[in-house]
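Both of the next two complexes hold chain A, though its partner changes from chain B to chain C.
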Partner chain A sequence: MNKGKIVSIHSFRGGTGKSNTTANLAAQVAMAGKRVGVVDTDIQSPGIHVLFGLDENKMGKTMNDFLHGKATIREIGFSIGDHSSGGEGRAKLAGKNLWLFPSSIRGREISQILKEGIDFNLLNEGLQKTITEFDLDYLFIDTHPGLNEETLLSIATSDILIIILRPDNQDLQGTSVTVDIARSLDVPNLLLMVNKALPKYDFAELKKEIEDKFNAPVTGILPLSFDLADNASNDLFSLRFPDHDWSKALRGVAEAVLAVE
Partner chain B sequence: MPGVFDRLNKEIKDKQQEGGITALDLADLQPALRKIMRLMLRELQMTYPRLCEAMDDTPEKDRLTRDELDDSLSMLTQQFWLIRIGEGEKAIYKVNLRRKEGSKLAAGIWSALDAKLKDKPKDG
Partner chain C sequence: MKSDVLNQLQKTTIFKNVSDDVLAEVAVKASTRKLAKDEILMRKGEKGDSLFLIHDGWVKIVTVDSKGDELIINKCGPGEMIGEMALLDGIPRSATVIALSDAEVLELKQDVFEEILKQRADVSLAIIRSYSERLRFSTTYIEKAIDWSQKTAEGDYSFAEQAQPLINSAGSDDDKAAQLLSAFFAMVRKVKEREDGLKQQLEKLTFEIDQARRKQEFEEITGTEFYANLKEQARALRQKRAQG
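And then the complex of A and B:
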């Protein structure tokens, strides 16, 4: 099996901070000296490119082009280490081995995928080739919230699945479904991360409660933060504000990923 | 004139058009087969000797005998969940994932949307 690990980031519901977490985790792992890729498989509502400072004009070839046979994986990989300007946090990634494989944000290309469907043999080939062609240690997959077919494929091929949830009853019920599916697909490492926890909670108690409920480790409880909201996805928060409580907790999650054998 | 690789690739592509397995189908397989299918998804394709090697690495309680493995591979191939190129020891296996269907919205909606988006200067 190729040596790079696939890390899928999933949440059952939208608005959990999945893309923000994925981008910051990938950045932290790249800062630790690893070769890292980030694929946006949220083809119908892509967004993670914003955190890396890309917009429609800067974006070159995308996963949509790959799925339509118009580009190779090599052509899609956008080096963040070579284009890290435009944000105090992102600037710290200069020279690091981090590539983004974005999905298109052009309306026509999104509607074309919705209309024509997806060749999953090709999508899987693309995911595996990002690892081999870029010699990645970690490939982070930002998935669409909920359980659709591309999300299930990424879960089925993952070495590590991180499920993000908020301390909210709807999230807790939805997470149960994802945990059941991940277990039935034999995902080797299932990790949980709680985001947007109100500071008034007892985090240690919350961690224990969630670990007991799902019988899986909670790698971090990240506080609800107005500072993060104020950042408005303009920069990589954990690099820009490394001493913030949110950033410290996120680094704990990154360490848990790096600790997986 | 196409080479051997091109011909094999075309044969695989032609076979991939027919049916295929979904991630949820994977969950219903026997543990040893699921392990092999997951491995095959990561390696993209596996030779028969490599499959046998992977089976030997599975925990003893889940391990299939060679006959059971051969029967399972035949069954998965007949269902078009696996694609086999070649025979016997030289066979190469590849997982055949089912294509995600396109939206069932009426064609008129897509052409109207397409026409609207085509006019947007940024999307050109």
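And then the complex of A and C:
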């Protein structure tokens, strides 16, 4: 009954490349033949819908409407496999089983979720229903940075939590708190991913040091890349440039997700 | 052919400042020599008493390395001048020159050259001026090279990132200076790359987590009623999922 896994992607601070990573991970898992959904709850720019080439003006009802019973999940799900134009990387998703479930576009609406009393059970039922209706193998949630109540709900319902961090003291400090919270909420699979690592560092050493500090696996260290920054908001980088070091490391993270039982 | 030769003579250091009418006279007094492929134009150690302007074909400038094998120093083609210094300093040839193909060269003998200098003070002055320019040009490079060497020794490679202003301002006619500069910059880039590579191998990131702050932040988040409820609900959910 409950076959699809909920994968939350989180970072303690903004600017870690979280949305970009989420979109690319979801795309890679879909490329592996899985049925994948992506819920976008981090509405801050550039927005995951942009990466999938979805025009926000064309987005009607959102995940919030569904959770409040104002729309069916079928009305929300936007098939990327059927609308994969407008990017060399995105075009590779044609025919794949990948759906985007937009959250609210406007910042004001996101606070509604709390004001109108979405609780844990309601969110969880909504997500489970999404998985069942679309027969998903994985439902990715691009969460808000920080640890607000909405994000805590997402973490609590996750089967897999991926924490993205940059190799700097502030991100590592914040990540330590998120790791403690994830353990406190019994998240069964905790994966770390380092992004924007300067190539001058010894990646193997870095991996070891972070794993030792948090006692959790580092599934990939992705290099800081100007190529990526150049392209980031326009297309799915790992599909467009599959031989790039960043793309190779990202596929390693996707494989780690696929390997979770 | 003569206007061609004039054109080529004007491009050489030695005749750069000499007027056209004098060059026409020089060109007339020069003799043409045809070379068959593999023919030797000059030998290392011979007395140098003429210069050659290549009109057609290619020659190689060779010497012998320590093992006795031929070592090609350079190849020269149409418009290039060989042995011009010998007209002024008379020092023996420093290398052997052999035709790579059938070739045609223009030869100007030292006595013809000196005859022109005796008759025309303005030509002498023009030639002195050319060499003076060249000397100044070379001195500038030497000064720069000393400066760059010191910077390189101190690990400051910033100058190699900048454009190469000397080539542009001092005139691109001096190919040898351009080659020197280019070789120098290539060397600096290689040294820098190697050094960066070594640094990369060595650099290791170390960080510390403030455990008191970690604990405090954790308690702030988990100390609410919201969190207590959530934890309870999450636990129930996990149990339910585990039972399948």
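Quick note on the criterion: the second predicted complex is superposed on the first by the 235 of 261 C-alpha atoms of A that agree within 3 Å, B and C clash if a C-alpha of one lies under 4 Å from a C-alpha of the other, contacts with A are read in each partner's own complex, and residues count from 1 in each chain.
Criterion: a contact is a pair of C-beta atoms (placed from the backbone, for glycine too) under 8 Å apart; a residue touches a chain by one contact, two chains touch by 3 or more.
If you're wondering where the values come from, they're calculated on a predicted model, not measured in any experiment.
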item	value
Which superposed partner A:200 touches (first chain B, second chain C, both, neither)	second
First, second, both or neither for A:65, with chain B first and chain C second	neither
Contacts of A:227 with chain B and chain C, given as first, second, both or neither	neither
Touching partner for A:173 - first (chain B), second (chain C), both, neither	second
Which of chain B and chain C A:149 touches, first, second, both or neither	both
Partner chain in contact with A:125 - chain B first, chain C second, else both or neither	first
Chain B versus chain C as contact partner of A:133, first or second or both or neither	neither
Interface residues of chain A shared between complexes with chain B and chain C	1-2, 119-121, 124, 149, 152-153, 156-157, 181, 184-186
Residues of chain A defined as touching chain C within the complex	1-2, 119-121, 124, 147, 149, 152-153, 156-157, 167-169, 172-173, 176-177, 180-181, 184-186, 188, 199-202, 205-206, 209, 213
Residues of chain B defined as touching chain A within the complex	16, 20, 22-24, 26-27, 31, 34-35, 38-39, 41-44, 95-103, 105, 110, 113-114, 117-118, 120, 122-123
Contact footprint of chain B on chain A as seen in their complex	1-2, 6, 56, 106-108, 111, 114-121, 124-125, 128, 149-150, 152-153, 155-157, 181, 184-186
Touching residues on chain C, where the partner in the complex is chain A	199-201, 203-210, 213-214, 217-218, 221-222, 226-227, 229-231, 233-235, 237-238, 241, 244
